[in-house]
Each structure stands twice: as structure tokens, then as C-alpha cells.
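Okay, here's the structure, questions in a sec.
Residue numbering begins at 1 within each chain, and the chains themselves are lettered A, B, C and D in the order written.
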Amino acid sequence: MVRLHQVTKHFPGRARPALKDVSFRVAPREFLFLNGPSGAGKTTLLRLLYGADFPTSGTVTVGKADLGRLSGRKLPRLRRRVGVIFQDFRLVPRRDVFENVALALRVAGGRGKSLVERVEKTLAMVELLDKADARADTLSGGEQQRVAVARALVGRPALLLADEPTGNLDPDNGRRVMQLLADFHARGATVMVATHDPGLLAQAGGARVLHLRDGRLEESP
Amino acid sequence: MVRLHQVTKHFPGRARPALKDVSFRVAPREFLFLNGPSGAGKTTLLRLLYGADFPTSGTVTVGKADLGRLSGRKLPRLRRRVGVIFQDFRLVPRRDVFENVALALRVAGGRGKSLVERVEKTLAMVELLDKADARADTLSGGEQQRVAVARALVGRPALLLADEPTGNLDPDNGRRVMQLLADFHARGATVMVATHDPGLLAQAGGARVLHLRDGRLEESP
Amino acid sequence: MSRRGARQGALYRAVRQMRENPWLTSVAVSTLTVALAIVGAYLTLVLNLDTAGRRLTTGAALMVVLHDDVSPSDGASLAREIIHWPQVVRARFVSRGEALARFRRQLGPHAGLLDGLGANPLPNAVEVELTPGIDGTETVVPRLAKLVQVAEVVTSRPWLNRLEQAMTVMGRLALAVGGLLFLGVVLLSTNTVRLAVYLRRDELEIMDLVGASTDYVRVPFVLEALLQALLAAGLASLLLWALLGLLGAPAELPLGVRLSEILRLPPQVPVVLAGVGALAGVLGGMLGVGRVLRNQVRR
Amino acid sequence: MSRRGARQGALYRAVRQMRENPWLTSVAVSTLTVALAIVGAYLTLVLNLDTAGRRLTTGAALMVVLHDDVSPSDGASLAREIIHWPQVVRARFVSRGEALARFRRQLGPHAGLLDGLGANPLPNAVEVELTPGIDGTETVVPRLAKLVQVAEVVTSRPWLNRLEQAMTVMGRLALAVGGLLFLGVVLLSTNTVRLAVYLRRDELEIMDLVGASTDYVRVPFVLEALLQALLAAGLASLLLWALLGLLGAPAELPLGVRLSEILRLPPQVPVVLAGVGALAGVLGGMLGVGRVLRNQVRR
């Protein structure tokens, strides 16, 4: 499903590369943790997978698409099949919660009753149905994070990239979100979760864990 | 140092108040946790303490200042004596790390060698001295959070308000930041930490904990 | 709820984002209105002065001097003939006696000097007035000159030539100034729209990140810019029309041009304004969105 | 490092933020430049046409008609006397014979009709030309009329009156249009600056939150707007100057006005532009920052 081959990412003005010679594969339907301390390169790696950035060298493949060679028109189509929970949420501040979640369906042409039902069902899963009409910029940190989770899940993507999906959540809500991801995985999706929280790794029992440190991979022992 | 008296905060368009009849005092040099699940009202409460918002009813006193009666000119002066770690960091994206931290000193007229030394010392404490020249918008989530911590500490405020100061940090860095807050407290500051993370409460042994739930206070048992 | 299931086409989204940012919309529309009103005022003046000028240099009177042997009745019938020519509005026979009386009036205080004249030195003539807007030099004048009864066709050419030359210079100048003004206003409007798009770059980025096609992102912004530009063009036309009504005192300028003729909104103006506005809006929208989306990838 | 210890006054921060946002700065400066250039072009035309018009209506010639009993030599000495008056440039005695010869030339083809005159009906006269820029009606004409030798002072008043009346109307019109243009450009510029401030509202909010005084936040933005406005005023003046140079062909317009006289940058223009720009900049900066800071508290 996902393949990185000798990926190195250098940012201009930075002495050390954010990613150095990273190679790994993620099988379809796999559940993978990307663990590592602050600044290890987790977010940078995920960004490469949805074409928000490109590696300095090496190749990144998602599904059958080589992201380095993807034409500008095909990138949106790829992104619709990849759900992303952004570390900084990336909600549309002036839009209400419903529309923020619906956005992921609308860009793919979704509408009608089925759209309303799916959005509401997903909001119920993150316990935000009562806030459907609230503007995103009036939400608390944890509420925003759950909206971000709902938006990533609502389109039932084949690949889910979650960047620190529980960083702003209390233990209860955090557990609930991790359970959602696990259910999602059980229904056939490939899931990658970037986190600095060892607690999460413990929660999701047998999943494979990749350890990043200073941009280098240290496969789980 | 801080006194809330029957504070209620209603947001327009919301059925339930974000804060309901909240009263408590924080003594000078106290270390206080504000704990509660997502949406409990922690951020809302802190915002009242630095005049970013005002209660619908009740009074908020910080030091000798009644925040509801504070003239527009005195608010900046109060804010310079209150250090805030914002949940969403609030860094100036185009400015480098040094300037983001120095900002807290410059608004109070700081400059010269003493400014440079203090900023660099504080950056060293959060282990970001090597990133002093990096623009804030190129930092990882955890790096940004540590810059936010440094900016709140650099002015040595009498009152420190930390909103989820470790949400984006790995355990090592999180511990280090909590240690910084503890040191700061030991040197005479009043510290209030809002968090949803019970792990933090455990770390900081004997501190007092206020539990917020749906805007109501449940004093620690 | 019903709205939530609807399609939310580009137009719907364009209108929604205008309503979500009323301040931004009002700043953009007011800026565009002022810019377009300036172009409109310029166009109004140039078009109307051109019309006035054209009337001056073309709707002129010709004096057709007849041979001495042409009788007054022959002259009168010649006038009746000429009046049926297509380019001619009026043709009137003026006898030598009538001409002398008029000359006397024209001399005013110095009229006394005609008293000593033995015989009337003036000829019989036909005064011809051409249709306004027609330049008779090429067609009417040669045709008149060829008539057997005609001795000479006197036009106000020498004076008109100077006026026409001046008008050519002014016309070229007006064209240059107009071109620059046009470019300037397109730049102004484009900049405004680009700023407004840039202000919402976060929103654009998010749509891009969740898989919106470039067109899905771009079209509402371009439509929004277009709507604002058309609204502004309408407002600018109204503004101009009201202003011209206020200023259009019935004063008379030299050369018989009436002020109220200059201060009238030519019907082309609203159309041109809408065109300029639309062009600027589309340009600004495309450039603005393009810039944001390009930047987004580079971060 | 050295820079980091420095004071970072308002001017330093203003320049820094301009450099941090080169795109924004260039959009703002180009918008302001165009807006100011439009005002400048307008001012240039109005000021120069006013000068030209004033010259036309004031530097006129007077015909001083003498009594029949004044001898030619008395007339000539009167002319020599008048020439020393301060407002007078030229004064020349024209005998009745010279006047008749000239009248004959003026009649052109119709000169024959003077042949039958018994005596010369024309009077002796002195032709007086006034200093350009001086309106002689109030001072020179009454003084001339009071001289014992003088029968009548003939001015070109009737024609001038019409021209002056037209100029008054046009002048009032120009004032109204200019006022509106001025308001419009101030609005354009203010809007641009406000948009640019609004674009950086996050930064303003952060400064506010960490305890910056309102002035600490506001002054650099106002300074930035001011700098941009002054830069734009300079650029607009340069642009105008270059354009006028390009367009200023040595063509002659009617009534003896030269095109190159109209197309000259009056020295007041850059000053006025800088003033308008500065006003708009300060207004925009104040309003923009005020808006953001007010909003911040309400969230």
C-alpha cells in the first residue's frame, strides 16, 4: 500500500536532514505506528504520503502511484482516497462542524441524504453531534481534534494517516478515538498513526511500530 | 493571587454555559492543576485570567486588578506579568524562534545584551538553542510547543498559565517541561496548569487539583 | 438540514463565502466601485466631448456662392433641389440684398462705413447645412462645386482644420491616457481580489489537502470576484449617473456645446465597466488562487 | 546576534515587516501608486489648463479709441506714456489710415466694398497689450477711460465674458470631480492598507496577548502604511513625469495653447500626492489595526 525507498528530506537552512535514508513498506490492511520524540520527522514523513511535500531523494509510492511523478491532476484524486488527521487540525475556522466534516465528501461530489447521514453518523462516533452547528473556531482544542478525526474518517478512505490524533484529548476521548481507528482498520483500511505517546502503543496491542529518531528509522525490536 | 467569584460564562448560540458558578482562589506561590475532559472549560477559564475574554457574570481578580474593571491601558501591563503557554501556541509564523521568545521581553522594553542572554538561556532550557534561527512555521509540533513554553517563561512572570503544555511532547520532553514549571514555581511564581492528562497530575506530587466538568468545579477529593 | 444535503455548486459557495466575510466583501466591492467609477468618468467625458467635437467639425454650414448671372428664382429652385440630397439638412437661398443687410448687422457699430457703397458688392448664395456627424468635405463640397450655377463653395475649412488637428492630438492623448487608466484600474482591481483571496489562503489550503480539484477550489473564488466586479460595475454606473445628474447644470460652454450634453452617461459606459470589472475579477481570482495553491505545495 | 540586542524601534519593525512580506508590500505599493497617479494626472491637467485659461482671459489686447480732435502726434505720445504703466507690456498708436488698411486686409475677398467709401470712418486709436496674467478690467480700463483724449476703451469683453463664464462652470465642475476623486483615492488607499493589516491580524493578536501596548502594536503598522504611501507618491510622481514627457509632443492646440504647456508636471503635484498618500496610509493603518485589536477581545 505504501512504500518508501531510501527517502531523504533536506530542508533548506537546516544542518541535519529531517529524514535520512528511510525505507519501509506498509502492507494493505496493516496497522502501523510511527513513534519518535519531538522533531524526529514523523509529520514530515506523513506529509510525503499525501503529496504535501516531496522528498529530496528517494521514491514514495502510495497504492500504485509514484508521488514524485504524479501529475497535478491526479494528486487530488489520490488525496480523496487518503484520510488525514492533521496534527494542527486544519479546520475551516468560519465554517460549522458539519460543513468541516462534509467537506471531505463534497470535494468528491458527495451530496444528498447519504451525505447528511454519513456526516451525522461520523459526528456521533466522535460525540460531537450536538455541536454540528458550532463554528469550528469556537471549539475547544479537544473538540477540534475530534472534528479532524471525523473529517478523516467520513470518506472511508483506503489509507488513514493520523498525526498525533489524541494529543489534545483526555484519556476517555483518546481511548474512544483509538478504538475508532481500530474499528476502521478491522473493516479493511490501512492505518498509520504517528505519535510520541508510548501509552498509545501499549493500547493497540500487536501493531507494528516504526521508531524514528533524528530522521532515521529504528525498526521495532 | 487569583480569585474567581461566581463566574459564569455563556457563549452566544450555546445551550450550556462553558463555565457555571465557578469560585476559587489561588494563593501566591501556589501550584494548581486544572483538570477536566475535552470541552470542560479549562481554556475558557484561563482566557478570563489574561483578559482575552470576560465573564458573563461574576468577578475575576488577578493580583489587585479586577479584570472586569481594568482600563484598556492597564491590561497590557497586567499581561506582561502573566506568562501564558497557549494551547495552540500562538507563535508569529514568519519570525524566527529567537524573536518569538524575545517578543515577550521587547514589549516590556527589553533589549541589549541582557535580552539576548536571557532568551538564549531560556531556549537552552527547552533544548531549542540550535533552532534559534529557524522560522516558527518550519518547526515540528513539539518544537513549537517548546517555543511557546520558552516565551511564557522568559519574562519571569509572577503568574504562569500553562494550557496543555505537554500535549504535543514525547514523555522525555514533557517531563523536562514539567520540571521547568516546577523549578519556576520553586523560585516563587504562582503556576496554573490546565490539562486533561492524569499522568501529569501524578508527576507533580502534592499539587492542588481542581476538577472541571461541563463548566462546573469539583474540588479534588 | 435540507440545505446540507444540497449540491453546493460553485455559485452557491461563492455567495456563501461572500456572506461569511461581509467586511472583506464590502472592502473589495467599494474598492472596485471607486476604481471603475474613475474609468467611467473618464469614458463619459471622452465619449461626450468626442461627440460634441464631431458635431462642431462636421455639422457645419457651407456658403455656396452663385455666379452673377444666376437669377434669384433659379437660386431658390437650386436650394429646393439641394435640400433633397441625403447629407443635407437645410438649404436656403440668400439673396445679395439679404446678405448685405446681414453684413450690416454683423459690422455693428462700424455699419456706417457701408453707407458710402455705390452698388451691393455681395453675391447671391445658397446656405447649406449638413447633417450633424457627416463630414461634407469629401462628398458634398465637390458635388456642389461641379454645379454650373456655382461660382465657389466657401467652407469654414481653415478654422476647422486647426480645430480638427487639435482634436486629433487630443484624441491620441486621450487614447494614451485611457489605455494607462485602463491598465491601472485593472491592476487596482486585480490586486484587491488577490489580496482578498490571499486572506483566505488557509481555507484554500485545506480544500486542497482534503482532495479538492484545482477547479473546485478556484471556480468559487473566480465567481466571487466576478460577482463583486459586476456589482461594483453596477454601483459605479449608478454613482456616475447620479453625480452627472447633480453636476449637469444647464450652463453653456463656448462653441455652442451645452454642459448637460457633456454630462450625460453614454450607454456604453456601464457595459465597458462591467467588462473591465469582469476581466479584473477573473484575472485577480485566477492569479490569487494560483499563487496560494502553488505556495501551498512548496509550503 | 548584534541586531538581536538592538532596540527594534517602531521604524525598524515597520521596515522588517515590509521585508518579511515582500508580496504584500509590492501589492500595496503598486495599488497606492496607481491610485495616486490618477489623482496626479487629474491635478496636472486641472492646474495647467487653469494657467492656460487664465493667460487667455487676462493677457488680452485693449483698443483705446481716441477723440476725433486728438492729433496723431498727441496719440503717439499718449502711447509712449501708457507703455510705462506697470501692467502694460506694449502700447502702440494706430492711425485711422493704418486701421483702414488693416480692415481692408481683414475683409479679404470682400475688400472691394470699401472702395466706395467717401471718407475714412475709422478713428485714431492706441492698442494696448497687458501683462499676461493680469486682468485689466478692474484697474487699467477705468484709468484709460478717464484720460481726456480717450473716447472709448474697446475690450474683447463680450467674447471673454463667455469664455470666463465657461471657465467658471468648468472650474466648479473640476472642483467637484476633484473632490470626489480625492475621496475615492483616499478610500482606495485606505482599503488597501486595511486589507494588508488584516492579513496579519494573527501577528497583531499575538503581540496584544503577550502584553504589547496598543501603540507598540499600532505604530509600526501606521509607519509601514506611511512609508508605503510616501514610496507610492514618489513612484506616482515619477510615473507621471515620464508619461508627460512621452506624451508632450510640441503640438499646438487652438487659442494659442501649446500642448507641452499642459503636459508639464506642476511642482505642487508630488507634494499633494505625498499628502494624500500619507493621509490614506495613516487612516488605513489606524482603522485596520483598531479593527483587529477590537475584534480580538470579542474573539
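As a working rule, contacts are C-beta pairs under 8 Å (C-beta built on N, C-alpha and C of every residue); 3 or more make two chains touch, one makes a residue touch a chain.
Since we're looking at a predicted model, the values are computed, not measured.
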Minimal step count in the chain contact network, chain C to chain D: 1
Set of chains adjacent to chain A and to chain C: none
Chain separated most widely from chain A, comparing mean CA positions: D
Distance between chain centroids, defined by C-alpha means - chain B, chain D (Å): 60
Inter-centroid spacing, chain D versus chain A (mean Cα positions, whole Å): 65
Interchain centroid distance [CA atoms averaged], chain A/chain B, Å: 29
Chain-level touch network, classified as line, ring, star, complete or other: ring
Chain pairs that touch, as defined at the top of this document: A-B, A-C, B-D, C-D
Residue ranges of chain C touching chain A (in the complex, touch as defined): 1, 4-8, 20-21, 202-203, 205-214, 216, 296-297, 299
List of chain A residues in touch with chain C within their complex: 50-53, 72-73, 76-82, 84, 86, 90-95, 98-99, 102-104, 106-108, 111-113, 115-116, 119, 151
Residue numbers on chain B that touch chain A, as the complex places them: 11, 13-14, 36-39, 42-44, 87-88, 133-134, 138-143, 145-146, 164, 167-173, 196-199
Touching residues on chain C, where the partner in the complex is chain D: 23-24, 27, 30-31, 34-35, 37-38, 41, 110, 112-114, 116-119, 121-122, 162-163, 165-166, 169-170, 173, 176-177, 180-181, 184-185, 187-188, 191-192, 194-196, 198-199, 243, 247, 249, 251-254, 259, 263, 291
